[in-house]
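Input: one structure, supplied below.
Lettered A, B, C, D, E and F in written order, each chain numbered from 1.
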Amino acid sequence: MAEELLKLGIPTGSLQNATIELFSKAGFHISDLERSYSPTIDDEQIQPICLRAQEMSRYIEDGALDAGITGYDWIMENNSDVELVSELAYSKATSRPARWVLAVPDESKVTKPQDLRGCIIATELVNVTKKYFADKNIDVRVEFSWGATEVKARLVNAIVELTETGTSLLANNLRIIDTVITSTTRLIANKQAWQDKFKREKIENISILLNAAINAGSTVGLKMNIKKADLKSILKVLPAEKSPTISNLANSDYAAVEVIIEDKIERSLVPALKRAGASGIITYPLNKVIH
Amino acid sequence: MAEELLKLGIPTGSLQNATIELFSKAGFHISDLERSYSPTIDDEQIQPICLRAQEMSRYIEDGALDAGITGYDWIMENNSDVELVSELAYSKATSRPARWVLAVPDESKVTKPQDLRGCIIATELVNVTKKYFADKNIDVRVEFSWGATEVKARLVNAIVELTETGTSLLANNLRIIDTVITSTTRLIANKQAWQDKFKREKIENISILLNAAINAGSTVGLKMNIKKADLKSILKVLPAEKSPTISNLANSDYAAVEVIIEDKIERSLVPALKRAGASGIITYPLNKVIH
Amino acid sequence: MAEELLKLGIPTGSLQNATIELFSKAGFHISDLERSYSPTIDDEQIQPICLRAQEMSRYIEDGALDAGITGYDWIMENNSDVELVSELAYSKATSRPARWVLAVPDESKVTKPQDLRGCIIATELVNVTKKYFADKNIDVRVEFSWGATEVKARLVNAIVELTETGTSLLANNLRIIDTVITSTTRLIANKQAWQDKFKREKIENISILLNAAINAGSTVGLKMNIKKADLKSILKVLPAEKSPTISNLANSDYAAVEVIIEDKIERSLVPALKRAGASGIITYPLNKVIH
Amino acid sequence: MAEELLKLGIPTGSLQNATIELFSKAGFHISDLERSYSPTIDDEQIQPICLRAQEMSRYIEDGALDAGITGYDWIMENNSDVELVSELAYSKATSRPARWVLAVPDESKVTKPQDLRGCIIATELVNVTKKYFADKNIDVRVEFSWGATEVKARLVNAIVELTETGTSLLANNLRIIDTVITSTTRLIANKQAWQDKFKREKIENISILLNAAINAGSTVGLKMNIKKADLKSILKVLPAEKSPTISNLANSDYAAVEVIIEDKIERSLVPALKRAGASGIITYPLNKVIH
Amino acid sequence: MAEELLKLGIPTGSLQNATIELFSKAGFHISDLERSYSPTIDDEQIQPICLRAQEMSRYIEDGALDAGITGYDWIMENNSDVELVSELAYSKATSRPARWVLAVPDESKVTKPQDLRGCIIATELVNVTKKYFADKNIDVRVEFSWGATEVKARLVNAIVELTETGTSLLANNLRIIDTVITSTTRLIANKQAWQDKFKREKIENISILLNAAINAGSTVGLKMNIKKADLKSILKVLPAEKSPTISNLANSDYAAVEVIIEDKIERSLVPALKRAGASGIITYPLNKVIH
Amino acid sequence: MAEELLKLGIPTGSLQNATIELFSKAGFHISDLERSYSPTIDDEQIQPICLRAQEMSRYIEDGALDAGITGYDWIMENNSDVELVSELAYSKATSRPARWVLAVPDESKVTKPQDLRGCIIATELVNVTKKYFADKNIDVRVEFSWGATEVKARLVNAIVELTETGTSLLANNLRIIDTVITSTTRLIANKQAWQDKFKREKIENISILLNAAINAGSTVGLKMNIKKADLKSILKVLPAEKSPTISNLANSDYAAVEVIIEDKIERSLVPALKRAGASGIITYPLNKVIH
């Protein structure tokens, strides 16, 4: 039945593979992507539809889709009136937010936005860029650029371009002079769909499961055996906010301690625990973590 | 010694990669597949031999192989007298059984098998198709087709072709009018080998481990902490047939609950458990599950 | 600060992918390999530098690098005075040590090293080969060969070539007549760096984590439920040196037993445990194992 | 010197490979395309710059480039005031002009542009589409679509999309209801550059050589020996507008006839010539043809 | 109109690329092969249809196709009553005819067909093989093998397998004991279609043009200037059967000589001509050669 | 017979594809390269053997090979006493000779070879580099580098590295301070083989045909029709050293002029000829050109 179906936008392009993989970790298997408009998902209540991140929010605002995943940058560019359900801290290369920066050739005399008065700026993000300069009362001409904007920096006066690591700007000998907007990936919903009981619960479930999978990606389970006499000293080594599970063992002098830790601290924690007297230390991967 | 060696047929073609991966999950690592006839396996009691699924059962019936993996369809096609050891619920794309269907061009006037009296049917599965029509007392000519049978549907009157999802038939504008046979993957054995103590135990072990790996693929471990007071209400949320492991913790008001669940229910169960008061919910992957 | 930075050599070539993957399992993510000299690692105290395994030890001896990963063979070839920190039991294809063998064409009359007196030997490992013959007082001419040495065996009298599985020698119809040196992968350090407190601890941590990841690759966690009455008989099935974690369960007739086992014995152990009365047997993957 | 350098725009994307190949046939070798902005060409008076066809004409109009290759469609979309130097009859798949068509889903009730009054049209070619509807006094909303427009036809009411062969529209079950614009590839120039003696001659030379290479692609040389007595009858078989070169031979009863013909007629002409008495017929490839 | 359309079978598989390329050289461009059943050709009177070589002759005999390209081996296997129009001397790797050979494992005691009495033979070419043994009055069981027959030679007693160079048999350590059939590629036609005026002329034209393109592949044009005084001595160097075109030049002491030669003799002829006094020798490629 | 066989070294690595292609243009088809030591050639008097360019001259000097193709740089590095038969002006990317340059990091204070006294130089070309510095009486330590030498420039003091275009040095921010040696590709021969009548003629033929193919690559044939009255003025447009072939035509007012020109001048010559009154200008490709 129509009221039992959620039309969900999946971003194509650079986010697509990461999104498919995230859904897979969250328990939803998307296939038949070669039929790129409407792939298959193993949940009868969801109809996935593939669209570019750039135009996703427009179709969600119009109600052609109930919900979808896109970047905060493109929501702003389209000035879309949609429900921001949750932030999804995954991305192509890193977990840092992406930045759209104002950049000029290394050899340019421009050092601040004000120096660009009367100039031409090339960017894919025309409206956000116009607003950025208008807010500063700087009059510029903003022209739409069809991708590969870095290479055009020397044909116009400046560009506004997306960067995660800055590598591509560096390679083109460009210099950043300001950040125009930072952006992370978002799960968004149509405002009417958000008032519908079935759709809202479905969107919330997807949000919980995607975030649980994201959490799991940066977390591991750690188990060790410790002498009960060492318990206090070893617990001090663990991050303060963690409350470990302590199980009794057959041999009552020992206890099994289990804790969920971030993988970033694993490489300093594991040797520290060993030195503190823990034995049989193992770590194991997790599928989902709900704090 | 010869009596301590099991000659095991591995199917090439569309099943090969999935089979190699399944053996890997079961703990057997097959390599050197580029020498395609006789790859290497890290078990000295097994000699793997690669053959097409289509002819596997014939070599097992003859005793050239002791056991092997193939589809039920080809066992029937070859009319092979072999031991059906177990069904292996894995396949290329889905876990649904594959179907061989009788199909005609969309524009054909044929709507039921009886309309094909006196016609030509092209198929890779000649004997099964002949038997299907003979059982219905419909006289047809069945011709062997060397693959890509869909494209020939307009050169003959109808085809009998394998389909998992129906996509290829749709793309060729064909219409299904009946199912001729459904098929799943099987581990089969030569009847004499099955009477040999060493070989039978070896085949049974392979069967157990392959199925344990298949089970693990659709199962996850779930752990959570609960207040002992909530225990009953939370246990009700769990599937009735599951008996969870409940461990005592240092803090005697709480217990750690651990249960193995199917990943299909994970996406509804996890939010429900959270609402019921569970905390620190994690799920983790499994390698093998033996019920 | 300079004294807080470890310059770490990563081998390029056949070891590179396996090394990157091992570091990843150990918790260090190396990226930007396309800029092949100096990739990025997510640890600010490490600067990774990519070099061929063949020249790694020379740069470590000279102090251009503090530590690095290379083969024992090339340490010997360069006659480098470095600290051998630990052996890393991973490699491209197998966990067997690689061998440099003295080989001749099948049709050659040579059957022992002594038959090569006055002959020409082609090899990439010139110094080790010279020492091998000098130790035996056999006078030969050793010529440097730029890779693909097998194909030159018929242009000279014999070759000394690396082999893991012997496949390439076989394919070239060569016959092995002796082993010149066996080699495994090593983590090595510059002797001065090894005396530096910060650097030594950092190198040791890397060594612990890499080995913990290697161990985890051949190990799984196993859990099962057993009747307390069966405890003794089941413990006998487990490898003698393993001390399992035994947890009390809510149902006091049963206990949960957990043990870390090598994956090699998993395929015989699992059926044996089942027969001995264990139920709900699962195995799960591990990230790190520190004995 | 600046006045001796022509800045020439090369289109990236679907036209890029065909353009590089065409320049190569014309005698200009473009390399280092991996540095995608400014590749190398073996003519010191030309500086090639790679840009998308979509924005080429804008940079040429502004004078950032002197000349370039792009489609007529994008010149119109950008409403660029540039010199149309020549038409280049090559393209990706065929030599037919590309069409931008107005299309609707097969199941739509729309049969003519007028039925779309008040509807949403998605297209990459926003301005041309707006003008198309304005010229017909039909009020519609035209929205920019970022590629893969076919898949959006069911999210809006109609699309305007490029098609060479119609295959992609067919595959998406869309129905063409009108042609909005047809387009071929053009060599265009900045109006001021066109007045510069050096630049104009350089652009004209490029135009001549590119067209000579295009002509050669559909033309072959044909030679045959004929009896002088047969000359008249054989000349009748040749296309009327062709004037063949007739050389005297040592044997004065025979003549060698040579003619340049379109390869399209080769397959009917060759057998006809043979039947008319020609012998030793050969055809050979051409690099350039200037009529 | 139907009577003006030729349904032409194009072989898929190992012959497909070579066939497409040959048609291209002959002046027919086949595209859209991804829609594998019915690609596009730039001749409105031809409808190409892709089928495996194995079943081509069956559909031509039945009249589902008018003509097609396949191997002599499969025409014999299907025992098809078709018109053999011409032999096409092209193939995948070489211009040698392919052979189906009877082969046994190196270690087998079988040395002649008669030693196989009562044995099992695996082959893709079942009927030809049965006839081969029946003609020799040797009773064997011939079983159909689905490709990769070499690897089965040790599961049965002998195989009959296709070989062009023998490499694959050698790699599998098999020994050839006889040739069962040799085969070349053929253009064949349906017997009724061959009686139809339009179809026969169309098929003959295709035959002429394909063969002209094959001839051109092994032929080059050669031109040189010679002193008239040297004419006789130089003509002696040319192959006797060639009659060169001799043109008068402006300088009446010299003549231009042009001749079409096989590329095989080019490498000995060119130096010989030079020594005999020819100057300005060039050779150039040909598209088509009709003797 | 042994005395009728030429053992010919073909360089592997970066030159291999270009060499195979050059032989193909020269009329020798080399195949079976996957069996990389000893491929097949369609000339029974030649046995090709694949070796790295680096060691080619050593095996030719020793007589293991009769002749071969390698770079002048490696002949010098090996200090090989061989016959230099001819220079072959082809290479991977350009027709410029390759240079081995002395380079330092951009930020280094070194500006001339003398500044490197006492320093370490990394290079693949150890002996040539040693000689270069010895000739200048500069004492340095030269260390062998296994490829990718650019990346090591910051681990030692300077490098000597091969460059064709300088791109890789630029990308690594290195500065060239001198050229150590320039090198082109050579056909070389063993000194004894060069005295053997059969071998010398065979090597000379190969040299002639390879160079004829190289010449053809940069040359085209040009034909045009001119009024006899224009003959003188048009001949002035042609390069002075060219003597065109002028044929009489049936129409005695016109002549056909044919000339072989370098493709580099084609792009200026063709428009000039047109302006001078030539008509029906065509250019066509050549296979071989022997001046």
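Here is the rule we use: contacts are C-beta pairs under 8 Å (C-beta built on N, C-alpha and C of every residue); 3 or more make two chains touch, one makes a residue touch a chain.
What you see is a predicted model; the values in this text were computed from it and never measured.
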item	value
Labels of chains that are neighbours to chain B and to chain F	C, E
Chains contacting each of chain A and chain F, listed by label	C, D
Chain-contact steps, minimal, separating chain D from chain B	2
Same or different residue numbers at the chain A/chain C copy interface, by half rule	different
Pair joined by the larger number of C-beta contacts - A-D, D-F	D-F
Of all other chains, the one whose Cα centre sits farthest from chain E	A
Most remote chain, CA-based centroid, reference being chain F	B
Chain C and chain E, separation of their C-alpha mean positions in angstrom	52
Centre-to-centre distance between chain F and chain E (centres being mean Cα positions), rounded to whole Å	36
Separation of chain C from chain F, taking each centre as the mean of its C-alpha atoms, in whole Å	43
Per-residue overlap in chain E, given as positions that touch at least 2 other chains	247-248, 284-285
Pairwise touch network: line, ring, star, complete, or other	other
Pairs of chains satisfying the touch condition	A-B, A-C, A-D, B-C, B-E, C-F, D-E, D-F, E-F
Residue numbers on chain F that touch chain E, as the complex places them	26-28, 31-32, 43, 205, 208-209, 212, 216, 221, 245-248, 255, 260, 284-291
Chain F residues touching chain D - in the complex, by the definition given at the top	93, 167, 220, 225, 247-250, 256, 263, 266-268, 270-271, 274, 280-285
Partner chain C, residues of chain F touching it in the complex	12, 36-38, 49-52, 54-55, 58-59, 64-65, 143-148, 150-152, 155-156, 172
